[in-house]
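Both complexes shown next keep chain A, but they swap its partner, so chain B is in the first and chain C is in the second.
What follows is the complex of A and B.
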């Protein structure tokens, strides 16, 4: 098998795939795409790979896939022998897909605010920030009650799933969109747990967690 | 807000866009020194800049219909303008014209910090192993060795020389760790130019320019120039390398407090490695810059 990731370093959606492939120990090649300032994702050559003109695109031999959430599911089903990252059980699968949808909402709010402030996208920054805070508040509550019940991750199992990978990057990059995580302590504790998953890698703008407290 | 706009800053050339990235016949909008600007390029490719009224981003415009224009200079692939009376010349980067160099913009990126803070971060080597881990530095090689700093009277610029640092991956073209020698110039209050040993040709230097557009006193846009000796990498590869570095600096810069640069020597506690920053702050103070800084109490 030969996996090729069409990738932009500063894209959180591309990073989701780098992160899961690193955790799963799946080797891959990178084709850099000049998303900014070159807007190469709107070029004819790229539109032939993904007519929606969005990163990331992943090729696995002859198969061409797009959409970070869909690719996370594909990679987990194909390369995670443990079956933990994208579980089969119907109730858990529904939870994971529910959080993949939240991840897309985080992209359209927190990531959009970052694109506006950092890359001059003509989005309504205040509306994006407000939307992101609403989602962060809901996640913080979900995680806070989870901690009380002994649940560390977004979904019910006692291990992380693709839901955690999908939601993580644009939460971690939120400050670049002017969205502070100061008021969401359970959310911040969860980002530390994600950063301590064996095989975790950083991207530009995301730093490793400090060592965990030893009990 | 505007009352801190000193006349030195007002009369400088300021970068506002990568010229090639300005659309021909469409309005681009930006902000310089709290002032809304509109930009476009004419059919001849030449940029036109004016004070924005109700123009919207992406609107069609014929550059020839714009009569009240701000001064424009194109240099190093970028468009520069001025809100006051600009000097005849912009600072020189003679290497840019060498025919075998690969010159490119690496994107204009908004940062929530003052322009002088961004210049100062660019001058700092102490953060390399911690922020640019395994690229521009790595533990245990954390020492910033003694280097020289002077303010050139003749050229009116801060110059730091003999800066050396062990770097695991000094450039896209680097294949092994090397001790890299840096020269930093600050030829403009909001611009810095870095010369570093070139992995491909030890007799020459790669040139990286950081040109800051002061949007407000606490926000700027960083325009990155690379002028490289690299016969193998693509522009996309070279941009990616520089954006990776810059993306690592960004959260660190945005967490600096206060966002304006304090010029009082007692405001922050420098260490020996900060010699270039001390000289830069003093130079800004002596020039009478008040925009984007916290001036020294008189």
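What follows is the complex of A and C.
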């Protein structure tokens, strides 16, 4: 197998795939795409790979895939022997897909605010920030009651899934879009847990957490 | 009522469960951002949310258990004192002791963490606080002014049973109390406590969360119709220039403070442990691994003892004192006359033996009582999960001190018992091996052993800057027979130093205030820059290359080979 990731270093959506492949120990090559300022993702060559003109794109031998959430599911099903990252059980699978959708909402709010402030995109910053806070409040509530019920992760009680990977990057990068996480303590604790998953890697703007307490 | 930055009221700023180990909580009170963290020993820290170096938020830093590490340039701050303990850009130096972050008072009670803008008021529990087993609700941040939130909570009361308004922005409604944390002029957090644990906890938490969420929606809608209040403008104290620069090693002596002898015990044959604590139960000043304190003894002598503590352990200092038969009266006075409950004067910690945290291999070699500073170093390295080896040489017939403290370390700790003089060198050579990049050795023990290890290391290719040592005292016979002139460049003074008198004494007689401590060339306090002339080094503080550089000297014992020395003083 030869995996190639069409990647932009500062993209949270590309980072989702780098993160999961690092955790699963899957080797891959990178083809850098000049998303900003070159807008190479709208070039003819790139549109032939993904007509939607969006990063990331992943090629696994002859197969070409796009959409970060779909690729997370593909990588987990194909390369995760434990079967935990994208579980078969219908109840958990439904929740994982539900949170993949939340991840897309985070992209259209928190990530959009970041694109507006850092990459000159003509978005309504205030509206994006307000939308992100609305979602972060719901996630914080979900995680707070999750902790009370002994569930440390978004879906499955005792292990992370692709849902956690999908939601993590643009939550962690929210400050770059002027969105503070001060009001979301349970969400901040969850980001510590994600950053302690064995195989975790960082990207620009995302810092590591120290090791957990050893007894 | 407008909020005041100097409001001394205690407010809840977090729930206890918001502060698991190894997490940094981001909080805010009266406009001031806070970094709040729980150390591994349970201590809670409420600090201004910025690193003194470049102002980066400490809430994105790393809680290492007993120290908080800034994410930006890795400055470490100690649990309890918020004093800086390590600066990676200056790995071989000890940070200035004055680098200390701003702290706020903290108390953990009734499932909540409380703080205040200043220390003007003691913590006072709310009415009835002690009588109930309080059960904390999910805190709810609200984008509305604290006064409006208090009023909104009061309106939840039924008409025939008006809400009970408590001091400090709190409202009692039936069996629940709601505290309003004034985050800023337009932002609040509702922190509720139920008077007892409900039968179905999750259902109760859901119920109150839903009720408060509805209240929040109403309050935020109303707040959106009003002009947003001006946020509070807390001032940030400027970091002084001397904090931002590296310290002089020489720190004037004389600032002592009293400590209580909390515990005195026999740690091993001939080694007595002393635990020294603040008399009012406050934390002691920040120290770094390798640091020592001056202990002022009842008989008037001043002696230096290394602190054995690990990172962030500031509630007391533990020192080890050797009962020496040939003691000059220092250790003897401590061991024989000082008892538990006595008060001693000590100096703030000084560090002439700083530990680097950027080595790929750290070898700690202790001889006898020399274990004390190395125990502290091992504890720091242990907590940061850095690799190290600790070799503890003990004479036959002696027992190892601080055994239980050594047993809990995770690194490679070996005790070498009763090895003969010649065999020791072989053993040390085998331990050290040839020098490799980023290897460092730290040695503390009796004079002859220090010289032997330095010698052995040098022969194996270890450069001077990789060999770190600390003498307890200078065993050399000082030759004070020379006489010479000293020119004090900055004081515009020329003095004659006669035979039998030290440079330090001569300067003091001429009216200069010069810091010193051990006055036997071991502690480094009187280090002085040399501009011209050849120094007759007689100290044990400087290493070979420092001595050869002829650029500094210890004025308490060293003299001149040339007839004149020009000093930077």
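Simple rule for what comes next: the second predicted complex is superposed on the first by the 211 of 215 C-alpha atoms of A that agree within 3 Å, B and C clash if a C-alpha of one lies under 4 Å from a C-alpha of the other, contacts with A are read in each partner's own complex, and residues count from 1 in each chain.
The definition used in the following text is that a contact is a pair of C-beta atoms (placed from the backbone, for glycine too) under 8 Å apart; a residue touches a chain by one contact, two chains touch by 3 or more.
All figures in this text were calculated on a predicted structure; none of them were measured in a lab.
Enquirer: Taking the superposition on A as described, I'd like to know which of chain B and chain C A:119 touches: first, second, both or neither.
Expert: A:119: touches chain B, not chain C.
Enquirer: One more residue to check, A:26. First (chain B), second (chain C), both or neither?
Expert: Once the two structures are laid over each other on A, A:26 reaches no partner at all.
Enquirer: Is A:97 touching the first partner chain B, the second partner chain C, both, or neither of them?
Expert: Neither partner.
Enquirer: For A:148, select first, second, both or neither according to whether it touches chain B, chain C, the two together, or no partner.
Expert: It touches chain C, and chain B stays clear.
Enquirer: Check whether A:38 is in contact with chain B, with chain C, with both or with neither, and answer first, second, both or neither.
Expert: Only chain B is touched by A:38; chain C is not.
Enquirer: Looking at A:197 after the superposition, I want to know if it touches chain B, chain C, both of them or none. Which is it: first, second, both, neither?
Expert: neither
Enquirer: For A:182, is the partner it touches chain B (first), chain C (second), both, or none of the two (neither)?
Expert: Only chain C; A:182 stays clear of chain B.
Enquirer: Show me the chain A residues, by the header's touch rule, that chain B contacts in one structure and chain C contacts in the other.
Expert: 207
Enquirer: So in the complex, which bits of chain C are touching chain A?
Expert: Touching chain A: residues 14, 17-18, 20-23, 25-28, 33, 40, 60, 62-65, 69, 71, 138-139, 141, 189, 201-202, 205-206, 209, 385 of chain C.
Enquirer: Can you list the residues on chain B that touch chain A in the complex?
Expert: Residues of chain B touching chain A: 18, 21, 30, 57-58, 105-112, 234-237, 239-240, 243-248, 250-251, 254-255.
Enquirer: Mind pulling up the chain A residues that touch chain C in the complex?
Expert: For chain A paired with chain C, touching residues are 141, 144-145, 147-149, 181-183, 185, 188-189, 192, 207-213.
Enquirer: In the complex formed with chain B, which residues of chain A make contact?
Expert: Checking each residue of chain A against chain B gives 8-10, 32-34, 36-38, 40, 117-120, 122, 175-176, 178, 203-205, 207.
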